[in-house]
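Take this structure first; my questions come after.
Every chain is named by a letter (A, B, C and D) in the order it is written, and numbering of its residues begins at 1.
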Amino acid sequence: MNVTFLQELFGSIAEQGRSLLPKSLFGVEGDADINGLARALTSGRGEASGVAVARALLDRYAELDAEGRTRFFKFLASDMQPNPARVSEAARAYLDAPSPLELSRLQKALESPRTEFFRRLHLAPGATPEIVAMRHDLLRVLPVDPELMGVDADLRRLFYVWFNRGFLVLRRIDWNTPAVILEKIIRYEAVHEIQGWDDLRRRLDPADRRCFAFFHPSLVDEPLVFVEVALMRDVPDAIEQVLEEPHAEPDSKAPTAAIFYSISNCQEGLKGITFGSFLLKQVVEELMREQPSLKNFVTLSPAPKFASWLRAAARSAEQGDNEERDVAAEARALLAAVGASDWPAAASGDTEAAEAIEASMLSLAAQYYLNAKGADGRPVDPVARFHLGNGARLDRINYLADTSDKGLRDAFGIMVNYRYDPKEIERNHEDYANGGVIAASRAVRAMLKLKPKVPLGHADGAVAQPALPAPEGAGNASDGRAPTMSEKADP
Amino acid sequence: MNVTFLQELFGSIAEQGRSLLPKSLFGVEGDADINGLARALTSGRGEASGVAVARALLDRYAELDAEGRTRFFKFLASDMQPNPARVSEAARAYLDAPSPLELSRLQKALESPRTEFFRRLHLAPGATPEIVAMRHDLLRVLPVDPELMGVDADLRRLFYVWFNRGFLVLRRIDWNTPAVILEKIIRYEAVHEIQGWDDLRRRLDPADRRCFAFFHPSLVDEPLVFVEVALMRDVPDAIEQVLEEPHAEPDSKAPTAAIFYSISNCQEGLKGITFGSFLLKQVVEELMREQPSLKNFVTLSPAPKFASWLRAAARSAEQGDNEERDVAAEARALLAAVGASDWPAAASGDTEAAEAIEASMLSLAAQYYLNAKGADGRPVDPVARFHLGNGARLDRINYLADTSDKGLRDAFGIMVNYRYDPKEIERNHEDYANGGVIAASRAVRAMLKLKPKVPLGHADGAVAQPALPAPEGAGNASDGRAPTMSEKADP
Amino acid sequence: MNVTFLQELFGSIAEQGRSLLPKSLFGVEGDADINGLARALTSGRGEASGVAVARALLDRYAELDAEGRTRFFKFLASDMQPNPARVSEAARAYLDAPSPLELSRLQKALESPRTEFFRRLHLAPGATPEIVAMRHDLLRVLPVDPELMGVDADLRRLFYVWFNRGFLVLRRIDWNTPAVILEKIIRYEAVHEIQGWDDLRRRLDPADRRCFAFFHPSLVDEPLVFVEVALMRDVPDAIEQVLEEPHAEPDSKAPTAAIFYSISNCQEGLKGITFGSFLLKQVVEELMREQPSLKNFVTLSPAPKFASWLRAAARSAEQGDNEERDVAAEARALLAAVGASDWPAAASGDTEAAEAIEASMLSLAAQYYLNAKGADGRPVDPVARFHLGNGARLDRINYLADTSDKGLRDAFGIMVNYRYDPKEIERNHEDYANGGVIAASRAVRAMLKLKPKVPLGHADGAVAQPALPAPEGAGNASDGRAPTMSEKADP
Amino acid sequence: MNVTFLQELFGSIAEQGRSLLPKSLFGVEGDADINGLARALTSGRGEASGVAVARALLDRYAELDAEGRTRFFKFLASDMQPNPARVSEAARAYLDAPSPLELSRLQKALESPRTEFFRRLHLAPGATPEIVAMRHDLLRVLPVDPELMGVDADLRRLFYVWFNRGFLVLRRIDWNTPAVILEKIIRYEAVHEIQGWDDLRRRLDPADRRCFAFFHPSLVDEPLVFVEVALMRDVPDAIEQVLEEPHAEPDSKAPTAAIFYSISNCQEGLKGITFGSFLLKQVVEELMREQPSLKNFVTLSPAPKFASWLRAAARSAEQGDNEERDVAAEARALLAAVGASDWPAAASGDTEAAEAIEASMLSLAAQYYLNAKGADGRPVDPVARFHLGNGARLDRINYLADTSDKGLRDAFGIMVNYRYDPKEIERNHEDYANGGVIAASRAVRAMLKLKPKVPLGHADGAVAQPALPAPEGAGNASDGRAPTMSEKADP
């Protein structure tokens, strides 16, 4: 509504979409066909007055309802395709006599007119956010209209170039950032919900807190991805150590650990374009420069699928090998134990039962992280896939680290630390990418072997009353919850 | 060398290309193979540490000499091509059973790995100017190494998207602009050379002068294209009316005409990416908003090929039709007349001879603009091609409008005004694009019929002494001169 | 805590108060005497290392508790005075032989060393807010320590020059303003409390709302005074028309009235330095330029003392002249009527009683504004003094315009519009300043004569139930309430 | 002419001096009396419409010619004085019964109405530079109109507060600085003239060069004072080591010395307001932070009065004591020697004569710096007064350090280094301020005793041809030359 903060920074003179061309050219057409404008844009008229046609089309699009937009997408899908006859002809010519020239002709024949359409649409100054929003619309209908996949592929390819890392600018977000951006931080935080402006201030303003975001020069006021960081003396093993308020006064001693405790993607329309990995790495560099005392760069991350995996493991035991059957048995015992006790309330009690639950939980969590693989041979945990893919190491598994309802429901309170160690990032990534090797600390590996001193169910102190919130919709507990970092950060 | 003005505007925290990855990864390789880095960048390693690999490659490239760079381009040309076997296979599969899926597979097989290479090269923050400079290097060797054409095509396609109009920002250039940008205005001015800082100030600082440029957020300190404008009461018919110093004090009356008297492209590496047309149209809008009194938006443009066309016309007359023979005869008479008189010195004299030369010159200039076509059916004048292609109208042909050595040598002093009339831009463009129709004013058309009262050679006042500078290298007089707008603005 | 938005704008390199001088110079003194530093600052040492001494003193001051600060003020009051012997001597010399030279000597003898002390204190970069805060501390103890008045006078004189209108910059406050400033708008709003960030957004972000503030380049992040404006089609006669949410969609028709509905001073330490008047006038200019459709510039202002005046008038009737006795009688009748009815609930009812109350209320309000004068011959209403002193005209008195608890308690719901008409501002001011003439519209003057059709107490529809909130502390109802504009804006 | 760079930084909305008040108020007065406007400004009218009256007065002033301005200054001098009767009365009252109240009354009576006049003149937004320029006008006529001294005193007092160190911002000047500021650096450089834009670039752009300036937020585009700095490995003993071009490539080794080789005040209107000392000290801090390798902060400074002192010493010898007679004799011998030889051309020759001249020159230069005092007991060298007063130490005297015509004429090529050592600045200043003690290195002190091995005139190698440029106007050689740092930096 107002001229914006970053618009001042990046903004140009007079880019409000005014057009040299008389409005009448478009005005007369009344409810002019948006398809007609799209055709005009890719034609010669687009060359002469592309800026104006593109602006008119975007304005027309903005007025369409959901149905109208879907119709327009279908038009793009069906009418803006490579000409099949030309493709066949060029393919044949190439096969007859392969040569660079024929290759280049075939490439040309295959180029989608849609691609040029979207490029010309971007002739209109200020169109970037509108075209990104267009893909957001598209993604909503894509599941039910798979024939639009080609349109999405073209847009995604375009965005991959537009939002290339080289164009992004890193900016610190703090209490001096314009409200129009801050309210988006509140809205987009996907991991640990921000409870209004006071909570936001607690996360941004203290001397030992940081927040960084990537921006794109043409997408003003809109962070693409942001990360919240706490600077601490010790690596925390529970989220409340980070979020508690008032947090301990900044030590007079310099912090040694930067804790990335939340990373959120912001733009639905840019789904599939990777930012999170670049952001984390650049923030590590930035912080190393700003605070030479920082030595540890670690996350405090959720385990969003642990609970559902544990239940599945408990159920699906019969078919497996020995080890799987052992895991299944242990999972059943653990589920029975936490269901039958006043866990986690009793966890602080130094009872044998509490110890048995903790040992069993950690051992199974290690199973989950180190051995549970999806059909693609990758970890089932999406957050793990993100960080391990980035070259991080699974450093620690923390028991009862998030005792919020969500934390207990999704992960029985488990959180983990991933460590970004510049010296091993590349090797970790290579090993993971090529062989699916999961970089994990010795401590995590040792947890696989962890056994309760007294077997579960035989310990004292168990109590009959189930204290755990029931899973929401058995089997797909994650569907109902807020999107987690992994889904947001690297879909 | 210093942090720059626009870097402050667009600049990000800590984008000096520092890298998370230990330098050792690259350092150990000593004189590491740049080709190896290129392969690493497109491989899995590029995924983990693309930013660092890209930065290392760019640094390596910067150290190469011209020969080394050419070798690298050849590597890109030969080794980073689509896999022929895969292309053939996919082409055959498509021809066997054409379907969207097979189409998409064929597209994928045809995608050049080079394209992905250049995209990943841009992972390095701040790499944009370096990659643009890379194409500048490439264009220098392209004429002698045509096998590099594919590399150029990929870069050009990439730049077309990167430098899409929607990303460009218009900025006024004035005396408050940082020196680092102003010195580039001096350097890049291609039409009427700027004679140092005082001359620059005369063109930027007065209240009735304007200069606008397009910038790209990632190419700081580097204008892409700029236009110099004079706000006047009347449309000038000679360049000295614009450049004279001190120019007449700004009228107390509001100006009615905006004269675009120079437009220059700045980035050799962006050759072939169109900016000039968008710039002119946006500046028209900007000025309309700023100064509602402005009604006329016209250029004062050179006729860079008129002299060479005239000489060619005089020579090549025999083969033509009647009209061509007439033109040839008139051209010969004119050349003889200007060669045999003290023209242009005597031009101000109100003699019959002077009048005859003027009438003949204007008539032949009208021929040049309205009838002289190249092999492609377009005007031979490159500046005309640019403005007519933009939808402008040829409004006026001015006699003895540029009497500088260059102006006389290239165009016998002829300059023209093109008019940008928002109401007719689109129609003019369409007519020109589809039918090659040249939009011209009635006055210009009438000049075709202009006849000297007394035929050339028969008039009084002719003098024997040739005053015209000899053409530099007969036949290609344009080779030695400074680049003109047209070549710079829209090659 | 963070580098701030305006610091970026105004900020200098490296102004964090670092000092060239070794810290040891001050460090060794341990609990060094702040008085000693003050003496050093005004001595030769202050010349050599004034920046460092000033910084040390300010740091020392910041560590003092309230008592320590008061002691320091007392030191300034007693020890940093003109030398009485020198003053007497110079006074005698002047009286003996008055001359420009002796005059100048006398002036010099009279100059307070404190003045130079405060100027040198400001050698420390970034000291402006600290010195302003110092006066804030001083003003708190001034009532009980009147001997500090001289210190206050010196500071006030200094601030009068520092915060001269010519240095202030007007900035629009909107939703793109940094949060650090916005939270101060929330905190400092003194007229119609802002209920958190959502309410703030409603006041700043809509297209028909404006907020402007004055800033000083050396007092970053701190608005000095701000005004909230609503752009409307009609001048509102009740505050809810301005604050209601959602407010009516911006008319497609251009607004004609700019309503200044809240103006608040922000800096206690700058009490007595006038900003409000300049702000209003510059905002009028700014809006005239931005929206030529605006023709009416009016406030919607509270009547903060009306209720207490009315009660006083009712009580103090006996001694007055005829007119005063009439007013007193009417006031008693009105108080009885509103006390004995279900007013204001019944006010919308079209009863004779309701009409009688309205007529009587308006008539007495006109009395309050036009005839009620303080000991200084000025209106008793502080808001009226502010606006009339600025040259505004009392344009309209609005019945039941603010039915909040506060509005009813302080002013029986009365609000007024002051009109800023550029054509009459100066004349109004002159008449008011010289003769105490109150500029008021004909309509307001006519209200003086307004009579209920049916006398109060004789009308139908009166009801026994008192609906009015009891005054808080009879007689000085205003003491307990939030500060109103007038007190904040022009004390 | 254009909106300026810093105006963007500091600039406010719509501060172009537009006025709320109808122009007619002033327009009608036609050639309205500027004195009348001044009276209006200090009257009640100034309260109502001070902004407009101040703007009108400044516009009127701008139209006045030199004579008109002087008349206006005389009006201010004579008509805007404290009322003598009131002063006398207050003085008497104070003497009768001295009390804080009477003191305050006397102060009030003595306050010049001019002071309030200038403060109100500054109500006009953007007026700061105009009022500074007013004093520039005043200073030009002050020498011939001493009765204007009171006006100047008031303005100077005001500027002392306005341009208080605490308000100034330090900015680096480099090649990215707007041209409008850079051209002022060229214009104002007072020590080593800048030969156009290329020379400027050589001083600003290299990685081992710095330039810093103080700006005031309300005096945009106008540096107040600037200093040029060279970062070097060794302290240079001749100016050409600093200015030579191309200067040696920046060492790969980090620089250890920051050489302040030129410092220039820019604003004539701010004469007498000290900036240079603060600038040097803050730049030292800034550089210490930026380049921790820097250990030596020294100037390379001219000795602008050495030649004239030497000639005076040679002439005035008779009356002095023994030491003075010795100095006189040596001075005569030296002058004869340099006059009779081909010095300085022969200086590089390793002759006895050359050595004798060097020894004698250095010894006399040490006399000049350490013993030559003015009537006030301070050094006769103005640059020395500036730096010693700042707490610097005279570190080295350099022979043939500036062999330009000016350098030879004013100082026989002598230049000196002053050292700013944070650890001794305060002590040096104190000793200098209290006892006139000149801080000098042991090496400089030792030079006092320096004797030629072979007495002057008796050495080989003397040549008859005088090579030294003749002094311009004997006795006041400095009058014709460009202003030196000292005069500019600390008048």
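The definition used in the following text is that a residue touches a chain if its C-beta (ideal position, glycine included) is under 8 Å from a C-beta of that chain, and two chains touch if they have at least 3 such contacts.
The structure displayed is predicted, hence computed values, not measured ones.
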Label of the chain whose CA centroid is most distant from the centroid of chain B: C
Distance from chain B to chain A - Cα centre to Cα centre, in angstrom: 43
Inter-chain centre distance, chain A versus chain C - centres from mean C-alpha coordinates, in Å: 50
For chain B paired with chain C, centre-to-centre distance based on mean C-alpha positions, whole Å: 60
All touching chain pairs, where touch follows the definition stated at the start: A-B, A-C, B-D, C-D
Chain A-touching residues of chain B, taken from the complex the two chains share: 9-15, 18-22, 25, 44-45, 47-51, 81-82, 84, 87-88, 91-92, 94-95, 98, 100, 103-104, 106-107, 110, 112, 119, 122-128, 150, 153, 158, 160-162, 164-172, 212, 217-218, 278, 281-282, 284-286, 289, 390-391, 422-423, 425-426, 428-430, 433-434
Chain A - residues contacting chain C, complex: 1-5, 174-180, 182, 196-197, 201, 205-207, 221
